Amino acid sequence: MKIGILVNEGPYQHQAADSAYQFAVAALKAGHQVQRIFFYHDGVHNASSLTEPPRDDRQIVQRWSQLAEEHKVDLVVCIAAALRRGIREQNLAPGFRISGLGQLVESGIQADRLVVFGD
Amino acid sequence: MSMEEGETTGVVKRFLFVNRKAPYGTIYALEALEVVLITAAFDQDVSLAFLDDGVYQLLKTADPTGIGMKNFAPTYRALDDYDITKLFVERESLEERGLPEDNFVVPVTVISRAEMADMMAAQDVVLSF
Amino acid sequence: MLHTVNKSPLQSRTLEQCLAHVRPGGAVLLIEDAVYAATARTAAGAQIEKSVAQFPVYVLEPDLKARGIASKDVVKGVTAVDYAGFVKLVTEHDAVQAWL
Amino acid sequence: MLHTVNKSPLQSRTLEQCLAHVRPGGAVLLIEDAVYAATARTAAGAQIEKSVAQFPVYVLEPDLKARGIASKDVVKGVTAVDYAGFVKLVTEHDAVQAWL
Amino acid sequence: MSMEEGETTGVVKRFLFVNRKAPYGTIYALEALEVVLITAAFDQDVSLAFLDDGVYQLLKTADPTGIGMKNFAPTYRALDDYDITKLFVERESLEERGLPEDNFVVPVTVISRAEMADMMAAQDVVLSF
Amino acid sequence: MKIGILVNEGPYQHQAADSAYQFAVAALKAGHQVQRIFFYHDGVHNASSLTEPPRDDRQIVQRWSQLAEEHKVDLVVCIAAALRRGIREQNLAPGFRISGLGQLVESGIQADRLVVFGD
């Protein structure tokens, strides 16, 4: 099954980014296709290449990048939300791309399910 | 939005946007509206639900100039240009807030909680912010 | 102690928790989404009307206006203040506690 | 419709709003801070116990464990699932509605 | 923290840290603890209040490995090294959550809501997250 | 009177950053000294030099920088919270400085009042 995911909150502050990640990993493990993960609102902060959490903590941004590399998951950051919050090409982590809100709507149309994680 | 993005092979799904948060205290209401406007251009079957504190989003008396923000409620009027007319407001949510049924910036359909629940159950894609 | 509350009483239980912890000499200031608590014809408004008999309750007017609430819809006994009034309240109380 | 709830019922009114909008064929999954709603000896737990007679209620076990809630403290009739179970629930229902 | 930061001319204020949020769902509990540990080094009169969902922060049964997070509750034990022993837990908050009074990772003083209110009213600086 | 301010949320997502700003301006106008504004949790995003909100919207980051310049207000970003969330010297807006949590405690000690804005 094709599953789309929407993440509305940034890393660390709320659990949303963690829940979305664990859900995506489980979906892939079950043989489903994660069609796209769209980052909106403060969710765009998940794409910041400049985060440097304590070493003994989970590396949320790096985890997303690895997911993109290993499973070819399409990680899309909303351009309007990103500009508002200071995420641009220059501080975009590997595996993410910046695009329009249309990508979220498209995900809703193309995926069999859309699952939302937020606050 | 590019034409390319708009190409979704003629599929029409029932999209529901659920608005349950008050405006201005957080950005969710405003950024939700931005998605709705984009979705409209994709020729989908779009509905908007306003319940709980979300009913406050449509009050025509809003004036956020004193807190340095823009009043985005009039933007809802643009939805009519896209033939998006299914704006549902929950009656019980209005009653709990002591609000009348006719103080909104756009025409809405006031429905009961039970009708809201039925409407929700009939959707293909539900977006909440 | 000046207690500030910023959550809608219809979504969050923070207001009632705050009201249960105000002591003589204390006051409550409703800001951001908590201004809805000061509106008439709501359960929270009725609660606030009872509270004003025990301690002063203020509401931030710019936040009221932003949300389209008319002054006539504010429950009796609640005093509307602007940001200058907010600052004055902070200086008049010995400390401030934000109920987040 | 699978309804997900992620707020503590003791801080937020989201759970009760969600429960009032579940239709036949629907189900509720408690995640993140909403897992507290599945605990015994609470008002929310009593509400959930009533709900399970009408529709299935699930709780995400990793979130329960994170918060130190023992399985024996989960109210009867609520089914604990892991992330694989969460995914399965998503595929088994025709759509998902997050109550944020 | 540098010595320079620690120089605050011998003033001792009553600092209260109010913890009202559940752990793990948000970072507030963890980052609040980080401030408490720093404050301890400033020789201030520090109290911690746990009420509402904040009482969940101290449960000794917590195990967040399944969600990829670290269990930070044991860090509270470090407070004792700084002679921070005024950890107040509100009885009514425990009762509402069906929690016993003896399941915490560190020793605490369980007090009533009225006592909590009195304690709050006596503070100079109140930090909430 | 000396007033310290703590901001716990980022710009745009929550009103906290707006309320704190309006409060700070009013405090200065009333003749008080804003002793320090400390940015913690997601509040560190208020210091991002890369934000570019719509032109007709308020410019939250720029507003803070101007406040620092015009009124010599000390804007301090918590280093631990900033590293976790991708704020570093390279994307720090003018007028902000990155320092330790001790600066918040010091603010509590030195200021006559500490006012907290968050979610």
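Order of writing sets the chain letters: A, B, C, D, E and F. Residues in each chain are counted from 1.
Here is the rule we go by: contacts are C-beta pairs under 8 Å (C-beta built on N, C-alpha and C of every residue); 3 or more make two chains touch, one makes a residue touch a chain.
Just so it is clear, the model here is predicted, and its values are computed rather than measured.
Listed here as common contacts of chain B and chain F: A, C.
Each step here moves to a touching chain, and the least such steps from chain A to chain F number 1. Averaging C-alpha coordinates per chain and comparing to chain F, the farthest chain turns out to be D.
The greatest centre-to-centre distance from chain C, using averaged C-alpha positions, is reached by A. Simply put, of C-E and D-E, more C-beta pairs touch at D-E.
The distance from the centre of chain E to the centre of chain F, each centre being the mean of the chain's C-alpha atoms, comes to 24 Å.
For the pair chain B and chain D, the distance between C-alpha centroids works out to 26 Å. Separating the CA-averaged centres of chain B and chain E is a span of 40 Å. Chain A and chain E have Cα centroids lying 33 Å from one another. Each of residues 20-21, 24-27, 52, 67, 69, 125-126, 128-129 in chain B touches at least two other chains. In chain F, the residues touching two or more other chains are 8, 12-13, 15, 19, 22, 41, 57, 80, 114, 116, 118. Residues of chain D found to touch two or more other chains are 6, 10-11, 13-14, 32-33, 62, 82, 95-96, 98, 100.
Contact topology of the protein chains: irregular, matching none of line, ring, star or complete. Pairs of chains that satisfy the touch definition comprise A-B, A-D, A-E, A-F, B-C, B-D, B-F, C-D, C-E, C-F, D-E, E-F. Taken in their complex, chain F has these residues touching chain A: 10-13, 41-42, 45, 48-54, 57, 61, 80, 83-88, 90-91.
Chain F makes touch with chain B in their complex at residues 12-15, 18-19, 21-22, 56-58. Here chain B touches chain F in the complex through residues 24-27, 67-70, going by the rule given at the top. The touching residues of chain C, when paired with chain B in their complex, are 6, 8, 10-11, 32-33, 36, 39-43, 45, 61-63, 65-70, 73, 82. Taken together, the chain F residues at the contact with chain E in this complex read 6, 8, 40-41, 80-81, 100-106, 108-110, 114, 116, 118.
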